[in-house]
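Structures for review follow.
There are two complexes below, and they share subunit A, which is joined by subunit B in the first and by subunit C in the second.
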Partner chain A sequence: MTDIDATRDAMPVADKATAPARPSPEIWWTLGGIALFFIVWTLGHLVIGRYLPPPWQVIAAAVTHFFDSRYFVGLGLPPGGYWPHLVSTTYTALLGCAVGAVIGTLTGLGSAHSNVIHQITRPIVAILGTVPILVAAPFFLIWFGVSENSKIILVAFYSAVVLHLYALRAVEHLHPSFAESASTLGAGPWMIFHRVSLPGSVPELFGGLRAALGAAWGLAAITELLGTDRGIGRVIITTWGVQDIASMMGGLLLLALIAVIADALLMLARRAATRWMPEGAL
Partner chain B sequence: MGAIRRLGAGLRRDWISAMVVIALIVGWEIAGHMAPRSPLRESPIVPPWEFIFGRALTGLSDYWKIEMWAPVPQLGGAQTLLGAVLALVFHSALTLFRLTVGLVLGGLAGVLLGLALSWSSRVRKLVAPSLHLARMCPLLAMIPLFQFWFGATNWAAIVFVAYGVGVIYLIGTVNAVANVPARYIENARVLGASRLRIHRSIILPAILPELFSSVFLTLGLAWSAVIGAEYIGVESGIGRMVIWSEYFSNTGRMALITLVILAYAMASFALCRKLQERVLAWTPKRPGA
Partner chain C sequence: MISITNASCVFRHASGREVRALDRISSTIGDGEFVCLLGRSGHGKSTLLRSLAGLNTLTAGEIAVDGRPVKGPGIDRGMVFQEDTVFPWMTVQANVEFGLLAQGIPAAERQGVAREWLDKVGLGRFGDSWPKELSGGMRKRVAIATAFAGGAPILLMDEPFGPLDYVTRRDLQNLLIDLWRSTGRTIIFVTHDIEEALVLAERALVLRAGRIVDDIRVDLTRPRDEEERASPRGIAISKTILGHLELEQHTPGAA
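Moving on to the complex of A and B:
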């Protein structure tokens, strides 16, 4: 899960290069694309039948059960509709990702600068980065209990691995001439770390953060399938039990929507954080 | 001889890493003896190594269900090492089969669809929102949906892996094609190349390096997906063995299967790296990469 190049927003940059100043604004293409998505979905419903509910049924399920639902209570879920579950999953994903990101960035930047830290962290990252989450999850549940904490720790572990690898790579990709020229001007190792490596790796760190956050939603949801009574994963597995596909897809759609919003906010933050960079340097 | 010498040189260079690995192994053993005793004999909280490779290993023969080659414990047979190995090989083979077929099918479908969608920049812009939503839709949360559509069969697992992998390849291909410098294509067009020719001899080689970054991403994803599919629906495969062990809290067996999966995953990553070196031998080396 390490090597995707989410750092470069590939499509917009290239479009600018190949088609300069197209008069039709981008927003129309996006709206058309969204319309296309719903058209294809509806066509899929017409072909497959009731196993793929049409968009309006899924949206209706998501809206009617959003804040309050006696139907969910009847299925054995805690009172309230999708809303408390969404909050719970979002909390797990965001907090886990944030904790993991801070740890991973620190260890990653540290191991880029010191061979000892690099050698210490390398086998640990290799092990944690390759164990599929579901295999590791039962141990977390045994050791930390079926609680909010074990879910957060699980998400944090995976985010830390992703951020570690991105931070390591970011510093390696930084052209050595930056550090050398700072060194010529009399900067010490701490100054180089603080004023050259850290700001220089910000764009790639945001790429890593994007990858980690994107994965965090799925991780949070899957840990809820294994235990705990709260979270969108729980709603999905409960409605699966009564074969209510519309409610299942409603939960999925709501989670995806939150993921899309969080991703957009992250991209806004990246733009604000890298405003000082020359255009096209990302 | 050469291998031993290389190992020695590697150990001299990376002796700290080697020490960390040894410390992890020893630390696990110490934790296994320090951890509070669980009331159940079969489920220590941290299973020590001699437990994992002793009782837990022979215990895996419980999952051997075919009355051939080894006694079947379910029918009153003894727990044998042979049965454990057979069960492990049988379920590993199933999982590896699903993983491989899913990876290949998903990869092919994703790349081909990606190339088709990047035929023109307008099509690309039109499908961009759907692709974004597909990428943001948490894959592991979709397992119940796939179980529902395809039942708890081999195909459900394969299609699920292929879907997860395919989405990444699709997006990777579309991005990579968009990243091909426009002057390559203009150059070829000036020289009179047809559109198909441009796709075949310029775009395809140019996107290969970027596609390989997707290969590593999808490999980890495919492992998660195939284990997840077996975990929640399909009643066979190495992921299912984890569930069976978890059902009776056989932590030793869980740890053993985790180690096996870890070994498989690391081997598959190493294989991919070898493949990448061979396929991308022609690309110029980047400094620091």
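Moving on to the complex of A and C:
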């Protein structure tokens, strides 16, 4: 009966939805930033000399040794160039981050919901959260062996702490009347958890996921520097042994490339998962 | 029927000061009544309403619905909050279905009931919209539809139209009256606005310092337009309520 009034109310929204998407100049700024990075790198090479190889040498190393390299085999690396190492490090970072994120999100949301869980996890997170993760890395190798597992556990450990804190904060930021409203509609604790707290936390959880994933690459590579049979860190430490800085940096460049792609995919996922959010709310 | 017996609620603030938000309140509210709770800011309106909803625990006394003591929130009592409680991460349709989902009603029936209520509040074509795409007044309609669709025979509303502009408020008041008349539900509506109470209520309970100081039958004929509210009876009721609200010697909490 009052549909006409509602339509009038909706008019500005309709206008906004049909507004044509303007081509954004942002992409040019991004490309400019990338160009600037390579210029500074080249200048650095001119100043420092052969210990900082120029971009083209590093890119050449990354490309020539990408899929297959007798040179790498000669250094004692397994056959197959950078590729298997890149896969291994990526696997470690993604799996570790995913496992940690699930654990951290559950404990974080759990302690936001239940005072008992909160009291139990608080001292644990306070202690674990302050341990310098890089100093802890050698212990993980001692406890869990020089293997894929210890790398994954280290990354998962760090991600869990990060996501726990982000999830806890996300629920704190959620207005309590959402949960109250749900409870007056007959929702029990479980329904409030998975229909209110969890979706309401998604924007902040993506923030935490981004921070955790960003750190995961570095953490994975650093454990590999300490000793492992596979991974970009292994390539870097091995080529360091023969002072081949171009190949070391080639590994770093490839890892950075993967990290940037993963971050871009994560942001796409966030866009898809938070279409409900008012623009500019995060 | 709702019976409130000697309901008291004392809050202890961090400073150690005790605030008696409800002070031995007793009253009964019959089925199908439209009651407005009036009172100045800080005099216990929200506390009483939240106690009815089961969101606040009394420190003494009891509230019972059809003889059963209120121990927590329940599907026999719905609530519309002053804040915007429409879940922004669900479509309008999913919001209205929420209470039915909580009650385990099958999807097809849920959808039908929710559509019906969206139609009744004038948002029939907005089921697939995100709440962010609606105006504040439209989101209030969603909240009302959600509360009604849940099926609770008692609906509690805490200054739901507080932040809205005058015209939108009037639209929503008329909508609420229509829904109340066509469904026969009990509505308890908190407001500090005398005019709003005159437009809506059958009965006005005036709270002051945590006590019910007056229980007024608002026996005006409907529709409660300007003329009706300006009738001798309308003016008399306004004056009585205003008398209770006006400056006083002591204020319990914040002013």
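Heads up, the rule we're going with is that the second predicted complex is superposed on the first by the 253 of 282 C-alpha atoms of A that agree within 3 Å, B and C clash if a C-alpha of one lies under 4 Å from a C-alpha of the other, contacts with A are read in each partner's own complex, and residues count from 1 in each chain.
Just so it is clear, a residue touches a chain if its C-beta (ideal position, glycine included) is under 8 Å from a C-beta of that chain, and two chains touch if they have at least 3 such contacts.
Everything numeric in this text was worked out from a predicted model, so none of it was measured.
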item: Contacts of A:Trp217 with subunit B and subunit C, given as first, second, both or neither; value: first
item: Subunit B versus subunit C as contact partner of A:Gly145, first or second or both or neither; value: neither
item: Partner chain in contact with A:Ile232 - subunit B first, subunit C second, else both or neither; value: first
item: First (subunit B), second (subunit C), both or neither touched by A:Gln243; value: first
item: Which of subunit B and subunit C A:Val116 touches, first, second, both or neither; value: first
item: Touched partner set for A:Gly76, first subunit B, second subunit C, both or neither; value: neither
item: First (subunit B), second (subunit C), both or neither touched by A:Ala256; value: first
item: Subunit B and subunit C footprints on subunit A, overlapping residues; value: 1-3, 5, 10, 13, 17, 175
item: Residues of subunit B that touch subunit A when the two form their complex; value: 14, 16-17, 20-21, 24, 45, 121-122, 124-130, 132-133, 135-145, 147-149, 168, 172, 174-176, 178-180, 182, 210, 212-214, 216-217, 220-221, 223-224, 227-228, 231-232, 239, 242, 246, 249, 251, 254-255, 257-258, 261-262, 265-266, 269, 287-289
item: Touch list for subunit A against partner subunit C, complex; value: 1-3, 5-7, 9-10, 13, 17, 175, 177-178, 180-188, 191, 195-196, 199-200, 202, 275-278
item: Subunit B partner contacts - residues on subunit A that touch it in the complex; value: 1-5, 8, 10-11, 13-15, 17-19, 26, 29-30, 32-34, 36-37, 40, 51-52, 116, 119-120, 122-124, 126-127, 129-136, 138-139, 142-143, 172-173, 175-176, 214, 217-219, 221-222, 225, 232-233, 236-237, 240, 243, 245, 248-249, 251-252, 255-256, 259-260, 263
item: Subunit A-touching residues of subunit C, taken from the complex the two chains share; value: 53-55, 72-75, 77-79, 81, 83, 85, 87-90, 98-99, 101-103, 120-126, 130-135, 137-138, 141, 146-147, 150, 156, 171, 175
